[in-house]
Amino acid sequence: MTDLNNISKIKQILEVALLTSANPLSLDDLQKLFSEKIERSTLRMLLDELKTEWQDRTMELVLVASGYRFKAREEYASYLMRLSPEKVAKYSRAVMEVLAIVAYRQPVTRGEIEEIRGVALNPNAIRQLQERDWIDVIGQKDVPGRPSLYATTKHFLNDFNLRSLSELPDIESFLQNEIPLNV
Amino acid sequence: MTDLNNISKIKQILEVALLTSANPLSLDDLQKLFSEKIERSTLRMLLDELKTEWQDRTMELVLVASGYRFKAREEYASYLMRLSPEKVAKYSRAVMEVLAIVAYRQPVTRGEIEEIRGVALNPNAIRQLQERDWIDVIGQKDVPGRPSLYATTKHFLNDFNLRSLSELPDIESFLQNEIPLNV
Amino acid sequence: MNQEVQTATIGKIHGENIEVLPQDLYIPPDALEIYLEAFEGPLDLLLYLIRKHNLDILDIPMADLTIQYMDYVEKMKEIKLELAADYLLMSAVLIEIKSRMLLPKKTAEVDTEQDPRAELVRRLMEYELIKIASEKLTQMPQVGVDLFVANAYFEKITEITYPDVSIDEIFAAWKNILNRAKHFEAHKVARNELSVREHMTMILRKLQEEEFVEFSSLFDVAEDRIQKLVVCFLAILELARERLIKITQQESFSPIYIKLQIN
């Protein structure tokens, strides 16, 4: 292994080890690459050089808690994510029902939603819809506890390509003959 | 994403995708990186350029059965092996013989493997190769008992750095050179 | 039987006289076990014998080979090595071939097609090919052993990917609620024109921004169609009924103001 005297060969070995390793490599790990002992200070210097050599390239050499690794520069992350898109979850039935109630019965309080559904509401359901910017709080009701009033947003209308709520499927006519309406 | 008009940006995205993917990437995979359609011929051309750019570097861009990938040049393997000596063990001779039979004589049944080797087969051998995803069952032979037919997988080709079975080492010519066939 | 075989055939290999078995056939007993375990089966052992003694695989001296093979098998039995049935089967095959070769031939010419050894030779050659293939595969770099592939890191973007929802799904959820309500709490689901509810929301939103909203500013009598005026008026009444807004007027015929019940 006399060619190891060649400092650039050591640097190449460091580079190839870091590019092929799934996990960060510590200085101890990197020392294991060589049968002869390479000082940690030498390794640090070479890693520094490597970092500089890559500074205008696609990957950057970074130091994290457990050691060094090459990581794709942030600007590429959005492209790389397309290769393995995260699974899109479905909303739970509870969330869909809350959305339907807010859409058709707005403005409504949480208590009213619970009353209509007949079950206590997981606060998550409302939070998910607020995060999506489909519903928001438009005031408080003047009853004990001053509960928030929820309504759908403009963003909700946009997402569903509606000009106004009156374009929602007409449930009233759908149910006209079915429900005795006593208001 | 107008900067994608910049061809060198596309090449950088290809590079970073290939450097960060543990599995080979097909042209179809690589197309997924971009929201706009990049022609396969363009991708091939850029991959060719990438290969050239890396030709004096530590890794090489190779094409295997499932697509393109960067692999460490062989000269670095001995160093890299020191990093994790407890890597996947090499298989026993029996297992490698079974693999050779499946690779060169596929599709084959267990009975045919036993006939070629002249010895009863330890079921473990087939199980080990299946677990490694190097061989799998591709059907049943239409003879009594309907024995399973085994063949090698794409993953086998990838792991041996091969594009297709035709790249397997040529053993028939070995035999012809060695032995005058007068049977 | 060994005796007979030796006298019958050991004399000649490719026309050369051979008086005794080569000594190097015999492996020291302590090494024998390791050797025997190293064989993958009877074909492997036969190939070993053929190659070790430079026998011509296409013109195998059956007697020699059979003797040597039986010798090993005997040794295996002696050291109580668990002997695979395959080895015993091969003994029978070898002896059968040898016997057939001892039978007088119908014609002087050797018909290779009918050479009793043909099948054995075919199998030995096929097995030898596989041995070569197996060795070549073993020597090839393999991912996970001595072939290393790029596997650098990239930071996954924790981009929230929202589920797709269609308007039909909202409708279905609403129908479901109403169907349930029909059974026990129908009266809770009051009938209201959706446009009234929408206007209630619009008025409440407006009151988020301004403390007081003048009643007449909520609609344009000149521009809006009559339906809109009615809907807006109904919305205000409904909001007041639900105690969401206060309607105030300083004196008769002065402007009517709407403010939130609480703020």
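Letters A, B and C name the chains as they come in the text, with residue numbers starting at 1 for each one.
One rule holds for everything that comes next: contacts are C-beta pairs under 8 Å (C-beta built on N, C-alpha and C of every residue); 3 or more make two chains touch, one makes a residue touch a chain.
Values in this document were obtained by computation on a predicted structure and should not be read as measured data.
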Relative to chain A, chain with the most remote C-alpha centre: B
Which one of the chains is closest to the middle, using the mean of its C-alpha atoms? C
Centre distance in Å when chain A and chain C are each reduced to the mean of their C-alpha atoms: 28
Just curious, how far off is chain C from chain B if you go by their C-alpha centres, in Å? 15
Chain centre separation in whole Å, for chain B relative to chain A (CA means): 34
Each of the following residues of chain A touches two or more other chains, namely 16, 19-22, 59, 70, 72, 76, 80
Touching two or more other chains in chain C are residues 148-154
Sort out for me which residues of chain B touch chain A in the complex. 12-13, 15-17, 19-22, 25, 29, 32-35, 58-59, 70, 72-73, 76, 79-80, 82-83
In their complex, what parts of chain C are in touch with chain A? 148-157, 159-165, 167-178, 180-182, 184-195, 197-198, 200-201, 204-205, 207-208, 242-244, 260-263
The answer for chain A against chain C in the complex is residues 16, 18-22, 24, 59, 69-72, 74, 76-78, 80-81, 85-86, 88-91, 93, 96-97, 99-101, 103-107, 115-118, 131-132, 138-143, 146, 149, 151-152, 160, 162, 164-166, 168-172, 174-175, 178-183
Touching chain B in the complex: which residues of chain C? 40-44, 57-58, 84-86, 90, 112, 115, 118, 121-123, 125-138, 140-154
